[in-house]
Amino acid sequence: MRLYAYYPGCSLESLAQGYNLSTIEVAGALGLELNEIKDWNCCGATAYFPVDELLAHTLVARNLALAEKDGMSDFVAPCSACYKNAYFTNKYLRQDHDLAEHINYALEADHLHVDGSLQVRHLIEVFLQDVGLEAIRRQVSRPLKGLKVAPYYGCQLLRPRKDHEDTEDPRFFEDLLSAIGAEPVPYASKTRCCGGSLIVTNRKAALDMVRILLEDAAAHHADVIATVCPMCNVNLEVYQSQVNREFGTEFSVPVMYFTQLMGVAFGLRQDRLGIGKEMVSGTPLLAFAEASK
Amino acid sequence: MTEKIGVYVCHCGTNIAGTVDVKGVAEWAAARLKHRGVIVGREYKFMCSSLGQELIEKDIKELGLTRVVVAACSPHLHEKTFRTACERAGLNPYLCELISIREQVSWVHTDKSAATEKSKAVVAGGVERVIYNEPLEPLMVPIHADTLVVGGGIAGIQAALEIADAGYHVCLVEREPSIGGHMAQFDKTFPTLDCSACILTPKMVQVGTHPNITLMTWSEVEKVDGYVGSFTATVRRKARHVNTDSCTGCGICWEKCPKKVVDTVFEVGLGNRKAIYTPFAQAVPRYPVIDVENCTYFKNGKCKACQLFCPTEPNSIDFDQTDELVEVKAGNIILATGYDLFDATRIAQYGYGRLSNVFTSLEIERMCNAAGPTEGRVVLRDMKTAPTSVVIVHCVGSRDENYNKYCSGICCMQSLKFAHLIMERTGAEVHNCYIDIRTPFKDYEEFYKRVLEEGGQFIRGKVAEITDVARSADEEGKLIVQVEDTLIGKQRRIPADMVILSAGLEPRHDAKEVGKMFGIACGASGWYTERHPKLDPVATMTEGIMIAGCVQGPKDIPASVAQGAAAAARVLGKIQQGEMALEPIKASINEDACSGCRICNGLCPFNAILFHEDKMVSEINAALCQGCGTCVAACPAGVISGTGFSDAQIMAQIEGLMLLNVGPEPVAA
Amino acid sequence: MTEQFEPTIIGFTCNWCSYRAADLAGTARMKYPPNVRLIRLMCSGRLDPTFVIKALASGADGVMITGCHPGECHYLEQNYKALRRYHLLRRTLQGLGLEPERIRLVWASAAEGARFASEVSSFVEEIRALGPLHWGSSNGTGQPVSATQRGTPALQEVAA
Amino acid sequence: MSSVPTFKDEITNLMYATHGKPISDCLQCGTCSGTCPAVEFMDHTPRLIIGMIGAGLKDEVLESNTFWSCASCYHCSVRCPAGIDIADMMYALKRYSMWKDRHQEGLIGPAFSQTFVKMIVGSGRSFEPALAPTYLFKYGPRGLVQEAQIATGLVLKGRMPLLPTKIKGLKGFQNIVRRIIPIGDPS
């Protein structure tokens, strides 16, 4: 049983509880032990960097340090923004001794130290790399036959480029969806930005960006959009009604976390996957999934 | 100290004297290095002038100098000058050292005294070193009169013809079934728009019929041994399954062959050929080849239609033919293996392979070609609808850190050519999206003007992405090209029926391995490295290996032809000499002391070190040795010596530079 | 405060790239400190590690090894051998109680006169900071002087 | 050689952590602008901003909303043919304008970021409601209503906590922060 330092991040405690619940359930079903980093702090998403780069890296580093202290070697985050922050702070800690020195000087104030020894990954990477499609397939008891799912990668999971991954037309999300019996719909906007934090700071822009995504997904007859990030989920789901108001559209596309879909396919209880908390109800399509099994 | 050393310090006008106390250095050398054998120290305004040289010659004759040190400019400038001067005076040229106190002292330092002190150290270094110089004789090697040309594109064809016409024998090796290269695929050639085939075919025919040219198509060089003057190449002649002695190239076999195959090479997937085929009508040679992967007979033992219908006597189809290896002897080799087209699928956001009406430049060339799959009609992927709006994307895979940093050079003109042809043939509206339009050569800019006048539209901006996701009615069912019009600073979404990716040129996928085989290196971008980027673009660092055409870097047709001819001229010069002198800067092994550990064997990139199993010692082939000295440095027994750069010389130079053997201050009279 | 320490540095150059880079720096009249004295080899691959030891033992305070960029070696790949020997040398120096920073490997193509000049300047400063290396000749014994004896700031810290 | 750093130098220096290419490598090709999903909402396209930085048009740049409209999706960064991390440059500009306290009137970004960081420093965790004041009132009455509706919706679904959470080791946490930015002594 492999151990992971689990960093849920703030939104999974509030806006994205569904993501948190389903993550824990599904990880459990796949035999991954996630132990939550004790007393972790907010990683700052995209809001620190405008203020102070060093502070941003340091606050991320605190979480890494806590994980390292617990003797962990793997760090996993379900939120793409948290993942991106953790990944790069961790990387720079190794690359840039100067930065590492500054950060550790600050961490000393709380008797912490960080070397950047962790392997930082996003939840979906862990599922694909450590569990693998085969093992995932074996867990599926209720394949989501005929369910048209639009895989939405978003930005931070892919960009900035971490290693050599395809930042334009990746396929791993599709593979995962096929593995649980769903039918991934091909649509060009899958890596296009949803507006992220602009939803607060530049509402008009963000809503327009969300609109374009919803349009593209709808145009390809997606029954549901699957996300890998709470930010994307909130923008696409919570603000769908506002998009409709703003542009006179009539979108009603359910948006779910990929872990929720996996959970359903694994035959786990929907309430334990946090399903039912959506603003755009996902129940009908799940009923459909039920029926079609 | 038996040596009699003369030290000559040059003023180079004020170039050196301006910063260095030249007189002081000369006197210092004469006085303080006397005990090292310096018997004369002179300074002169311009040592390289005839008077300066005579000064040295005179001293050699009258004072019987046995070593000469000249402190002046860089050896890359005047080493030869002074060495020849010594030679004229009867002193072996390699007993003269030119050391630089201009490029490396007076020009880079400002503090006069510091510069003077450094000059003294440099002179001392030269003196200590020259003591250990040995008289060397250049190595003469005979030049075999035959030439091997690898690659049958326009550059290789030109090179082969030049040499053959001059009366020397050439062996031309081509990987494909026919010569012609990329040029054979093109329709019109910029800027004159004359038909590619019309100007290329006659040259191809000449090659095919030339008495001095042995043509080996469907063949690849597998191994190269030897060195300048006497190379031996092993060529694999892949089985054609057609007997070229009896085959007349009548074409009945490929007419009758029932098996249609999508031609992914010559027709870049737009057209078909048969399982037995010649890539195109004007192919040279005319003999077809059987594509074993697709031939029905080779797959399930039945058919043999080609053999059945072959009219020749004896029958020319030979299913049992096998590859054969032939050895080719040559004095010189010209590499003209060309380029690969950038693989546009690598740029996912441009949608090539995903969006059906996105085409590559080569596909358009074939479409425009009257002999091509559409008889010259420019149409969409459905092979019938003509486009009404076309966008040409420049710099695809070029000038981009993510792909190739360099500019492919030809894409601008190629794109302008397409713009012209498409407007002419379809009347479609054509947009060019470019970063910079580069039309530097004869009549190129004029052609650009012409396309502008014909109504070609130009948007300065690199295309960000191509999508089929419409945002408005007029975008429905079209490809949308998203680009910033940087000149007006506005976003543009241009709806188009067809998008053409002007893909750049890349080094051949196997350039590195091939380079290794011929003993030449690739630069950072993968093109073969020429001996000098400006003054010697056809020779390589390996004597006897020339490069021509795109192997050296992206080029258009005129440039490739010119370089092909230049390489040929260089080779002819060598052949004419009959033999050539090699720099005697070589490594050699003292066989008596060699322990046969073979450490050096693996180090030599030129395979110049061979091991004698019988004597259990290694030996260096002087003609193959390029004199890098790596083996010298590596030999644990220290029995490999490098002439011109021996351990003794360098150790001595270090001591000199550190002023360890400077004599005492002479007591003033 | 007495006058600042002027280190002596021996530079090994490749005939095809870095030596030409040095020439180029000259023709372009770029300026760099006169502390470095160059030796021309045919290739950085010719660099016998004993040359470096010899230079340091003869009183040089630092050694600069220069060659063609990886992949651009005139002799195909010999500069990689130089690279390996460089790493080896650094370890050897450490073993001898010398700062490995006293040798520096620099890739400079024939076109990089500016790079050559700036590398020399920065190296001279680095060696100046390390202080003199009284090894071999100057203390007569030909033996390495112990770190504390040499008393470069860095090493004093270690000693303290 | 102590010359005053140009605006370009200042920004370049602020791009400290990205070990990327300097903005001086920019070809002005516009790939960034063509790629940017928010470009329609920017006063100047990203490419133009880079040009303006090069030209030293500090005031115009700081006055523009371009970098505050960047969603940091890094699409430009991965596509830039010159290898420049443009998104990071936008962050650098944000930092610069915060530092100089100069930005276009009526922007939410600056205040939002400030409050966000204050909030984190104060509790160690983010808490959406606490952020509301920084932007709510800029939305105007109509926006307010919509926002309220959404918020209630979330609360009803139990997705919006009513009380902020704090981390346990807050003191130590703040000691860490204190070593980087002045936030007053522990009270």
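Which chain is which? They are A, B, C and D, in the order written, and residues in each are numbered from 1.
The rule is simple: a contact is a pair of C-beta atoms (placed from the backbone, for glycine too) under 8 Å apart; a residue touches a chain by one contact, two chains touch by 3 or more.
This is a predicted model, so every value here is computed, not measured.
The greatest number of inter-chain C-beta pairs in contact is found between A-D. For this pair, chain B with chain C, the centres built from the Cα atoms lie 33 Å apart. Annotation: 45 Å between the Cα-based centres of chain C and chain D.
Centre-to-centre spacing of chain A and chain D amounts to 21 Å, using the average Cα coordinate of each chain.
Between the CA-based centres of chain A and chain C the separation comes to 51 Å, rounded to the whole angstrom. Residues of chain C in contact with two or more other chains: none. Residue positions of chain A touching 2 or more other chains, listed in rising order: 212. Each of residues 349 in chain B touches at least two other chains. Pairwise, the chains that make contact are A-B, A-D, B-C, B-D. On the chain B side of its complex with chain C, the touching residues are 74-76, 100, 102-105, 107-111, 114-115, 117-118, 121-122, 125, 516, 519-524, 529, 541, 585, 603, 605-606, 626-630, 632-634, 642, 644-645, 647, 650-651, 653-655, 657-658, 660.
Touching chain D in their complex are the following residues of chain A: 10-11, 13-17, 39-42, 44-55, 57-59, 62, 88, 92, 95-96, 99, 105-112, 155-156, 159-161, 167, 191-193, 195-198, 200-206, 208-209, 212, 238-239, 241-242, 245, 277-279. Residues 14, 16-17, 19, 37-38, 40-41, 68-69, 71-75, 77-78, 85, 87, 91, 94-95, 98, 107-110, 112-114, 116-117, 120, 124-128, 131, 135, 139, 143, 146, 149-150, 153-154, 157-161, 165, 167-169, 172-173, 175-181 of chain D touch chain A in their complex. Within the complex formed with chain B, the chain C residues making contact are 8, 10, 16, 19-20, 22-23, 25-27, 29-34, 37-43, 45-51, 54-55, 58-60, 69, 71-78, 81, 85, 117, 137.
Residues 347-349, 354, 467-469, 471 of chain B are the ones that touch chain A when the two sit in their complex.
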